[in-house]
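Same chain, two partners: chain A is paired with chain B first, then with chain C.
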Partner chain A sequence: MSLFWIVIRQLAEIQAMATSKKVITRADWEKKLNDVKVRKEDMNKLVMNFLVTEGYVEAAEKFRLESGTEPDIDLATITDRMAVKKAVQSGNVEDAIEKVNDLNPEILDTNPQLFFHLQQQRLIELIRNGKVEEALEFAQEELAPRGEENQGFLEELERTVALLAFEDVSNCPVGELLDISQRLKTASEVNAAILTSQSHEKDPKLPSLLKMLIWVQTQLDEKASYPRINDLSTAVLEDPAV
Partner chain B sequence: MPTSATSNHPSRPEDLIGRLNSAHTPYEAKLKALRDLKNQIIGNRTKKLAFLKLGAVPSVVSILSSAAAAQGGGGDNREFYESVLIQSAAVIGSFACGLDAGVKAVLDAGAFPLLLSLISHLNEKVADAGARSLKLIYQSKRAPKYEFLQEKNMEFLLSLLNSKNENVTGLGANIITHSCQTTAEQQALSEAGVIKRLVGLLGGSINQKDASLESLAAMVKENPEVSAKFMGPENGRALNVVIELMKDKHPRTRLLACMCLISIRNTSTSYLQDSGIKNSLVSVLLELLDDPGPVGDEAPFVLSSLITEKEDMQKIAFNANLIEKLCEHLNAGSYQAKRLQGIFLLLGDLCSKLECCRDRVLDLQVLNFVTEALAHDSAEVRTAACNFLKNVSRSVKNLSAGQFMNEAVAVPLVRLLCDSSSSVQIAALGAISNIVVDFMAHKSVLVQCGGVKQLVQLSKSMESAIRVNAVWALRNLTFLVSYRCKEEILLELTSATLISLINDPEPSVQGQALALVRNLVDGTLNSINYVFGEDGAVLHAIARQLRSTSKVEVQIQGMYTLSNVASGNELHKEAVMNQLLPQAGNDAEKTLVKFLQSTDSRLCTATLWALINLTFPGSPGTCRRVTELRNAGIITQLKNMINDHCLDVKLRARMALGQLMIFGSVWTWYTSIKV
Partner chain C sequence: MSEATSQSQPPAKDLIGSYFLDLWCHTSKTLAVKPETKYASEFEEEEEESPTELDTVNSSGGFSVVGPDKLSLLYPSVNLHGHDVGVAQANRAAPMKRLLYYFEIHVKNAGSKGQIAIGFTTSAFRLRRQPGWEANSYGYHGDDGMLYRGHGKGDTFGPTYTTGDTVGGGINYATQEFFFTKNGVVVGSVYKDVKGPVIPTVAVHSQNEEVTVNFGKDPFVFDLKAYEAEQRAKQQIKIDNITIPQDASYGIVRSYLQHYGYEETLKLFDIAGQSTVPPISLVPEYGFSEEDSMYALNQRRTLRQLIKSGKIDETFSTLRKWYPQTVEDDTSTICFLLHCQKFIELVRDGKLEEAIMYGRSEFEKFKKLSGFDDLVKDCAALLAYEQPSKSSVGYLLQESQRELVADAVNAMVLSTNPKLKDASLCMHSCLERLIRQVTACFLEKRSLNGDQGEAFQLSRILKSGKKG
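Now for the complex of A and B:
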């Protein structure tokens, strides 16, 4: 029985629970779980939706062949989007910008916040590579106008430029900007913008389901004592604390 | 700053343009230059403006034009020319994106027909590029007006809406949103079956939904017939679909759904009036106010269209704690001009009629933010802040408590009287007009900060709207004001200006000017003496205006003024009498009689007051005046009025008649016993 299957059934069962607080033994619980029906087709769609939204092209292709599930996006468009995401994740921001503009020139023209973050990332990469002079020039030529056009960006701009003021950049107050996580954040933002422009949901459905499970368990905690899933990654049912 | 010579460094703008224009540049290099230009300007307003100045647009359009011509010849280079078409169309689209100057340049360079020809291209990417750019042009007010009423144009539009290509249908919808303005156009579009198609798009992708909602709002706006058709059976449950879209995931879709519903609601008062939908609209829009992006900037304006002039909606918004939310935003320090304008617009709407709103607003110390707003860079923010002040100062309770007549409010307002924008001036005048009715007479604050000087200056403006509002403000300022204050005002104003205002070409200005004089002469004898000075020129002017005007508002104010003067001493009463019943008797209809015969109760009442004051017992010349009036046939006239349906007229007529009769009988008695 896959972990996924267990999680889904847990969720369905809790949602159908009675209202008074009571203790449910593991045996009873598992019995109830077994009675819950979940369709395989729905599960496959959820998996496909996750793979496609996150951009795992090859996995999606393979899954399609093996399960017969049709993706709701043309897999060809995923390739373009993944190229952009990869470029940002590797720090090739200029390349990423060109690719986005080839894909859809409207995206960066109508998303000032995203555009600013991409240029901010460019500056970060220049600083990371020790190209201080170029970084200063870039900040003046490209980023300062963004701050002028939109005052909301000034604070972030100042934080980024502050990187230049420190000798040991990795240990300074704004050092987290140099982290890989910053690249991933920007990459994720670009990914979402491209998906939206292609009129697709930018978030996969799976996280919503898991959030729902956690919330529903919290609600049920007030009314009953029952075997919970505490670790989503293992989906193990843990006995209630007696 | 020295430039570093790395290969990734963007080319200087002048070089780039040079390469595009030069006949010597090989075509492949031109394609690269185009792409380079595109990547430099997308998202970058500053660069767009810089390149516009260098004449980039005509250069690119000419490349587009030659590529379009060349690829018609077919051949091996087809793919290459298509790339050129795509890149140049994208550049043109980017220049037009959100930049009015760019749209102008693009249209001036003749890009429009070229882009149109691209839409039907076989290569989907070329069609996309053309459609996108046209769509961006049509999001600007400067786009050329689309003539729906021509059959060919309607067919073309329908073909756009029926396309499978999302960008092309989006273009069709944008054209409607931009150009559909008259009832005839709305009708024509409706008859061509456009509504059905748009309703179909409501079930499409995010972009299609949004574009369709905007178009539908434009089509039903102020058109009850098209509105009814939209909600008719042949469009299925279209209205329900739109109502559902109020709960859509995407904020912009929710906003546009609200806008569409409000458009219908404001057009036909028989739809969408139940409390469920009213509450939903308010709560959805309230939540959208929190959006940090452009949706949050636009939401206040949409909400305003829902509640403006509608007391019931304002009440609902008040109960939903809209005021608290707006205060939160003010406290958080919204610097963006558009948002600030929206906040004050809403506060103004809420305070326009409801006292509870005004109380709450003042309790929450909103006035603390007004001072800054009045000095904001944006004229729209300044105007919105003034209009808000005008509305909130309608609260008599707070006005008389002196809430507004303080330096924090009065001083910046007076400064706005010489604002560069006349709409700001007018809005400031509106606010000042209300604020100076301060019953505690703290009006010296205004005088001290040079307010009177400014108002008098503006009363001589060339724009009648400014003149009228300036005189109105002066009129309110002189209401129940101290004698000393009147002196100061009249000194600044001068009789000459006063007379020219009474004789102003605009009746609205005449009315306000007369009301001003009325306030000035109200009070003690000194006031009357002061206004009329030695020669009584002002009195002449008033009487002359009374004789010549046909506007009842002016007549009423004039009459009340004369009535106030007639409450003075013997000299004053005689002066008024001479004006109303001139000895010379050349006038076919004496003013007094004419006004008493008016069908407007207010004018009758004013005239009766003048009569009452003229015949008030105790003054030496009263007897003589009574006789003159009797000879003019006033008694008969008054007898007709003692049972008038208007209470004021009835009671004053009886009072006047009583006074005339008393004197009449006393006089007769006196003469009869005289030996």
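Now for the complex of A and C:
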């Protein structure tokens, strides 16, 4: 063999060694999995935490009875919170604001951004219902002063008012404001603010766990070849591609 | 501990029973060694011991004196050259199976030249040189504020320190760095280019220098907990930015409720799911169809309720009526679990004599099961105490034991589904499989990283974010 090819082959071997990963067989990996003992209690807590944070009140109450798991938050407070969330999701922003203040007047006081977004949503709903004059009045009296205090608010306000300039609102550049996703975004913000005011984590822990799984598998991929879970909804182990 | 070694491969039905029996054995063993354990994972992590005091066995040839409490170091004489440093290492290497390790020294007296050092060395270190002056050692020196990491010449690092200062040295296993603090503030960090265990080290080198060492017995001047939270948060941000499918969590919770037979909760959950905005639509899972997970949902719910209320006789009769194949083999593991539970319930009700009679007539036939001896011993031990719930076998009287039996029966019933393709799907819910995978991956990652750093701990996730 010529020297050239000998060198190439040696370089390839060095490459292979440098990128060689530990290979873990299916059988070995399943043994490792079997060594992990998960407490049922902990899984129940994760599920309860999800039900409670996402606001599934009746389901949480029933789960408490069926599994004996205690929720980490007073279930009564969930009903109130869900009423607010629902009001925003249905476009009844005034109602939502009233309810939030009934729950805890400090929430909106200490959350100018949230309050602005709620007012912005009110404006969007007025525009959606064709109440142009009312909308303009509302924008000038309620939102413009906020806009003066904060550049970000001003830009948002301008975007919202721009809706009035277009005939075909669904196709205009700011049309997404009329989309239901905008309501959901605001509803989510309110939900989070209420949870925080109640000293509760605003996000359920389960999605975090799923993200950690994806993260650690990516990290481990660099050093080992092993059966992965690629589909979270089935949690089925897939053997590594050879 | 495989069943296969003590007897021939158990039939498929008993695989399920054996799994739960194994789980029970694990709890029993864990609690036997350390009764106050609440979380098995915490137990494993605490096995690693921490340094507690200075080591006096490997002295540095008498140049320095370790105080009687083994937490102070004094340099009594005058130093003459660079090979008469008074060095003391801790009595153990720093534990590795955690995110951070940290210890502090307080300079009681900077002596004539303030040539104090704090750092980390290996067991091979020559104990008459300043940490950092030799290979595989690191030292933050008080006289010049420099960091020495293996050669005589140091790098500019932080401020000098003297009498009255408290200086800390730490290891961050996630970033593989050493970090140092002065009076509660981080002064800098440096890459840890040492493999294997390192030992916390302090050194003094001029007349009358004296330091005291704190390995955690007293509160640290540095807010270690806050720093730890900060470091975790940094890692968390990377993780938070990962996207997951929109309704992944919803689907997993739903499948959890189906798997364990929480029928009523599932009904309400589905109703709520339809009225959310926008309504949640789930992609049907392959491998385990909707039919499979809904199989015998009502029956499984009923059985779970029976077991959770301690009605074991009724459980037996109901199983015989609905799923005779699960209990027809009277020597199967599932029968063993149920009979033990009946025994436990009798003890709970104070019917001790009845319990003994029951045990005598029922337990004998399960002698061949692995783990039998220890578990029956645990059950029998309940009889010995006036207040069994407060004893070391008190765990048997807790809800978790009923839960274990209920889960085992649940899995057995699921296995009777004629359409079932894979028996292992009965034993673990989707959520459990995900948790096992993430735990195993973290452990493997740590093991490939020289066994340094944290493992995944579900208990920590559950506890995090709790205020007050």
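One rule holds in what follows: the second predicted complex is superposed on the first by the 222 of 242 C-alpha atoms of A that agree within 3 Å, B and C clash if a C-alpha of one lies under 4 Å from a C-alpha of the other, contacts with A are read in each partner's own complex, and residues count from 1 in each chain.
Heads up, the rule we're going with is that a contact is a pair of C-beta atoms (placed from the backbone, for glycine too) under 8 Å apart; a residue touches a chain by one contact, two chains touch by 3 or more.
Values in this document were obtained by computation on a predicted structure and should not be read as measured data.
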* Superpose on chain A as described above, then tell me if chain B and chain C fit or clash. => clash
* **First (chain B), second (chain C), both or neither touched by A:199** => both
* Structure fact -> Winner on chain A touched-residue count between chain B and chain C: chain C
* Scan A:225 for contacts with chain B and chain C and give back first, second, both or neither. => neither
* To do: Applying the touch criterion given at the start, work out whether A:212 contacts chain B, chain C, both or neither, answering first, second, both or neither.
  => second
* Considering only the touch criterion stated at the top, classify A:188 as touching first (chain B), second (chain C), both, or neither. => neither
* **Contacts of A:152 with chain B and chain C, given as first, second, both or neither** => first
* To do: Check the residue A:24 against both partner chains and state whether it touches chain B (first), chain C (second), both, or neither.
  => second
* Could you say whether A:62 touches chain B, chain C, both of them, or neither, answering first, second, both or neither? => second
* Does chain B (first) or chain C (second) touch A:50, or do both, or does neither? -> second
* Just chain B (first), just chain C (second), both, or neither: which does A:77 touch? -> neither
* Touching both chain B and chain C, residues of chain A -> 199, 201
* Once bound in the complex, which stretches of chain A touch chain B? -> 94, 97-98, 101, 105-106, 108-113, 115, 133-134, 136-137, 140, 142, 145, 148-149, 151-152, 196-197, 199, 201
* Structure fact -> Per the touch rule above, chain C residues touching chain A in the complex are 23, 26-27, 39-40, 238-240, 242, 244-245, 248-249, 251-253, 255-257, 260, 262-265, 268-269, 271-272, 277-278, 282-283, 285-288, 301, 304-305, 308, 399-400, 403-404, 407, 429-445, 448, 456, 458-459, 461-462, 464-468
* **chain B - residues contacting chain A, complex** => 1-4, 6, 8, 35, 38-39, 42-47, 90, 93-94, 97-98, 132, 136, 166, 204-208, 249, 293, 335-336
* **chain C partner contacts - residues on chain A that touch it in the complex** => 22, 24, 29, 32-33, 35-43, 45-47, 49-51, 56, 58-59, 62-63, 65-68, 72, 86, 89-90, 180, 183-184, 187, 199, 201, 204-217, 219-220, 223-224, 226, 229, 232-237
